[in-house]
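Below you'll find the structures, each written out as structure tokens.
Across the two complexes that follow, chain A remains constant while its partner is chain B and subsequently chain C.
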Partner chain A sequence: MNEPAYGVCSCGGKKRRGLLESLVFGLIGVESHSLEAETTSVLPGLLQRFDPRIKVVALLALIIAAVSTQRLTVLALMFALATGLALLSKIRLIRLARQVWLGVFLFSGIIVLPAVFIVPGEAITHLPLIGWPITLQGLRSAAFVIGRAETAATLSLLLVLTTPWPHVLKALRSLGVPAAIVAILGMTYRYIFVLTQSALQMAEARQSRLMAPLDGPARRRLMLTMIGTLLTKTLALGTEVHAAMVARGYRGEVRLLDDFRTRPADWAFLLAALGIAATIIGARL
Partner chain B sequence: MHIPDGYLSPSTCAATFALAAPFWYVASRKVKRQLHTKLVPLMAVVSAFSFVVMMFNLPLPGGTTGHAVGLGIAAIVLGPWAAVLSISIALLIQAVFFGDGGITAIGANCFNMAIVGPFVAYAVYQAIAGRSELTSPRRVVAAGVAGYVGINAAALVAAIEFGLQPMLFHDAMGAPLYAPYPLSIALPAMLAGHLTIAGLAEAVAAAGLVAVLQRTEPELLDLTARRPATSGRWRETRALWFGLGLLMLLSPLGLVAAGTAWGEWGAADFADPAARQEIAAASGNVVPPEAVPSGLQRLSSVWSAPIPDYAPAFLRNEHLGYILSAVTGSGLVLLVFAGIGALRARRSPSV
Partner chain C sequence: MSGTAFDFQDVTYAYRSQRALDGVSFSVQLGERVALLGANGSGKSTLLRMMDALCFAGGGTATALGAPLSEKAFEDEVANFAFRRRVGLVFQNPDVQLFNPTVLDELAFGPLQLGWATQRVKDAIEATLHRFGIAHLKDRPPHRLSGGEKKRVAIASVIITEPDVLLLDEPTAALDPKSRADLVAFLAHGLGDGRTVIAATHDLDIIDDISDRAIVLSEGKVAADAPTLDILHDIDLLRRTHLVFEHHHRHGDGHEHDHPHGVHGHIHQGPEG
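Up next, the complex of A and B:
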């Protein structure tokens, strides 16, 4: 009963968001992330110039290399490489810090913090007052997890920020992913925004009609009813989309246009990325 | 629950990917057979729903809130195979486009949340819901328990994946290269979070949605509801009956086996020199005791088999005796299960 489930409060912005506000913010976050990705994918940067197929393979190889490396120095170099690629692709570091680095650091940091004390090994110092030993192995282990998570997340975000989603899908098709899967991925992406809009409208409509704070069970019923309504709408939408596709000649065969062209620079980038990955994995660096 | 990159080794990621791949293959074939041209559009919108539903924050009893993965909902409404596809697609887009879950860990995340979770949830739901009415409160309870058990099963598998890492992967200084906690820590840590908040969120989501659908669109629960036996039963089980018949015909193959089956000795065998030799040969040349073991002696007279040694007295041909024994034995087993099935059908009338 303490937390209003809607609207403006007199808390000066210090109060936690209500459920509907959280949902609306989350849904808007999905849309703004997509919008930002579309904006950065057309900037005249380095990665934006490469063929999407080459980019998918190259960045995937670098991610696997970052996950495979057994040395913190190599991991640091990989992170620097990812940051350098971002700068050359005109992606601001503040965006990376906001979208990836801070979130991953907080999430992984909380998870691996106890490892600093729990992992057995050589104690390098002790916590004041409590006296818990901080082990070298524990620190290295925490650094590995956080470093890998940061580097891999940066590289995967680079793919999305420098490549329009339809091009990622077409690249997947060119690389042998079945056409039906690519079509489902493409349509899923499209309908995520349709359903997001639908959920947003439901949330706003309900919010605008709330005259008093809701108690726990009522808020639970509200969210569950919204999910149920969304499911019903989803299935109806699926039937309508299917009918529209059949009306336009769809008979179960998916055909995608594939008009990518590679240039020498694409192959050079691919060779460089594969070379780095092969060296790290092959030499067990 | 979404495992990021760097927590699992590349070999673990490859192994979980290999484990998930057959499920994806079978799921795509089964769902394609079921939906035909509707496969692409329906899976697309349902995957989009799976994605969006993960953003709903549910108020839970006790004052806290939690997100549901929706694996219970998907398995109950769509069935486990369609749930495998839709949740996998949603997880793939989350990982690639929104950075929620690692790209190298896609196989592990899909195996945990799109395969183990939905299948466990579906089995629990069917076991508890039985053949109850679509609008029965029993289905609400079944959905809640299914969601709770399903998400905890997924968390258990994820915890095992985490817990294996420090056992298998260290650097030269002995520091764990990936998730640093052993099973003794990873298991309780993961399950503590999922047995409480995450499990409760999944249970509330699944039970609540089934309750909502029962009021608004109960026919949506019909797809996975168990039905009474229909005329199509013979068609579905035909291959099994033929297989059983073939095995019965092949049962005399048991005569080809040389020697004695270890441990299947009668009291009389201990007095028969040839049988004693076979017992010794089958026991690593350990000579059997001279006297019949007292327990065996006492119990051997309790029951006399009607068809001893698969050879009815009225049949001279031992091959025919084996086949007749196979038919009789299988028939008795089928009769018992038919009786149990009839009893269950009488106790829980179908929808």
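Up next, the complex of A and C:
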């Protein structure tokens, strides 16, 4: 299969992206998603005001409640609560739909699709042509899986969109997550941009020298070469970063500055979240 | 402050079979400002890393602040701590040095690793942010900063612990003219008296401002060790060590001549040069 050259439309209508062009757009997308998250995390919304430690615990409690509930109505209410929190935190629903809801629906939908047909129960209709029964119990099971996944993903994303990533890391450390894990998460976030930039430059350099469309094997070779080069760069960067850490006194234990302040509103939010979670789990709702 | 900061005698170092330092000998006294000059691959970055105890001599003897610079000596936590407290290295690539999620965390990293109390760390951060004019950047992630800002933060993140010895690897690399001028002014006048500064560079335009003495490295050996101005006037030495090159030059009046040229500008030998 021929690879359309950059900027050249081979389909006579809508422009199709080539391998490198897709890669470049994808890498730019990583940067733009991160920029968006950094922007929303400082908006004057509801969740942005809370102490990150409180937010981590409260949203985790709500996630546990959402995946524990036995009733679809309660799950729907939890989803509505997550959506309401998003709105009050000035997160646009179209963004949630694009970044979470659609992807989660498609992914979990594919996984639970067989359940719609194979869970035994009362058939409410049959598939045309092949006649497979769609059972009420199967639909309920599918709705539970999708609803739980959507609610949990929405609440998780709310944490990331309303909290600067460094504060999430500090909150995790304050809550007892081992320093090594927090340091790894922090550096992953920090260096993913350096490596993304490096990959972007490599892709652009290749693209600028691409004279003719690439066939399948050539494209695969190109990708493997880029991955190999990036891996080598990653190892070199890792060695250098470790040296930079040692040079500033690192001896295996990362120490962080913890300067969070908890106010009455934080405690109220935490109590409300824990209350909802305790009610749902305790009363088996 | 008096005493010897570094004493290297017949030091060698090799990356596998490739020799990077070959019998290097020199001493640096506390309070001196030294430029390590050399073309790419001359061994100056390796030497700087060795001075910061990130790699150790394969042969010869090296001491820093009166203590041996050896792998065995640095296995001792107390010796390691005492050294890190007094010596700071600014890496050439700020992306290597700025590994924390925000500028504020970057500044806090060194003091926290050295065990400073929280309030002392906060006070030092506040003072350093203002000293370097980077208070507006404190919550920014380093990957969103410009090259000049990154370099300023990288130096601030080392200076915050007030090391007696400051090592800089190519401090002006990849900086725009304004950032470069600001950095040179800071290194020349902003560090205060008494601090030992050793900068590895091949940027001849700045060494007169930031150093009083220059050590020229060539192919892993010390090619010269003299006052900076003497080195700058030794055109043959600079040409031999690839720090300047012959440049054919045409003036606006049609006059043409050849003269040595550094990375950023002309090296004039005299009125006729």
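The criterion applied here is as follows: the second predicted complex is superposed on the first by the 271 of 285 C-alpha atoms of A that agree within 3 Å, B and C clash if a C-alpha of one lies under 4 Å from a C-alpha of the other, contacts with A are read in each partner's own complex, and residues count from 1 in each chain.
We take it that a contact is a pair of C-beta atoms (placed from the backbone, for glycine too) under 8 Å apart; a residue touches a chain by one contact, two chains touch by 3 or more.
Predicted model only: the values in this text are computed from it and were never measured.
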| Clash or fit (per the criteria above) of chain B with chain C on chain A | fit
| message | With both complexes overlaid on chain A, does A:E38 touch chain B (first), chain C (second), both or neither? | response | second
| field | chain B versus chain C as contact partner of A:V194, first or second or both or neither | value | both
| Taking the superposition as given, does A:R220 touch the first partner, chain B, the second, chain C, both, or neither? | first
| request: Could you say whether A:F144 touches chain B, chain C, both of them, or neither, answering first, second, both or neither? | output: first
| task | Pick one for A:L237: touches chain B only (first), chain C only (second), both, or neither. | result | both
| After lining up the shared chain so the two structures overlap, which partner does A:R248 touch, if you call chain B first and chain C second: first, second, both or neither? | second
| message | Between chain B and chain C, whom does A:W165 touch in the aligned arrangement: first, second, both, or neither? | response | both
| said: By residue count, which of the two partners contacts chain A more extensively, chain B or chain C? | reply: B
| request: Give me, in Å and rounded to a whole number, the least C-alpha distance separating chain B from chain C in the superposition. | output: 8
| said: Quick check on my understanding: which residues of chain A belong to both its chain B contact set and its chain C contact set? | reply: 165, 186-187, 189-191, 194, 237, 241, 245-246, 250-251
| task | Over in the complex, which chain A residues touch chain B? Could you list them? | result | 19, 22-23, 26-27, 30, 33-34, 37, 60, 63-64, 66-68, 70-71, 99-100, 104, 107-108, 112, 114-115, 118-119, 121, 136-138, 140-142, 144-149, 151-153, 156-157, 159-160, 165, 168, 180-181, 183-192, 194-196, 199, 216, 219-221, 223-232, 234-235, 237-239, 241-242, 245-246, 250-252, 254
| task | Within their complex, state which residues of chain C touch chain A. | result | 49, 52, 54, 77, 80-81, 84-85, 88-89, 91, 93, 95-102, 104-105, 108-110, 112-114, 118, 121-122, 139, 141-144, 157-158, 161
| Hey, which residues of chain A end up touching chain C in the complex? | 38, 164-166, 169, 186-187, 189-191, 193-194, 197, 237, 240-241, 243-251, 255-257, 259
| task | Write out the stretch or stretches of chain B touching chain A in their complex. | result | 4-7, 9-10, 13, 28, 32, 36-49, 51-53, 55-61, 63, 65, 73, 77, 85, 89-90, 92-93, 95-99, 102-104, 166, 171-181, 185, 204-205, 208-209, 211-213, 216-217, 220
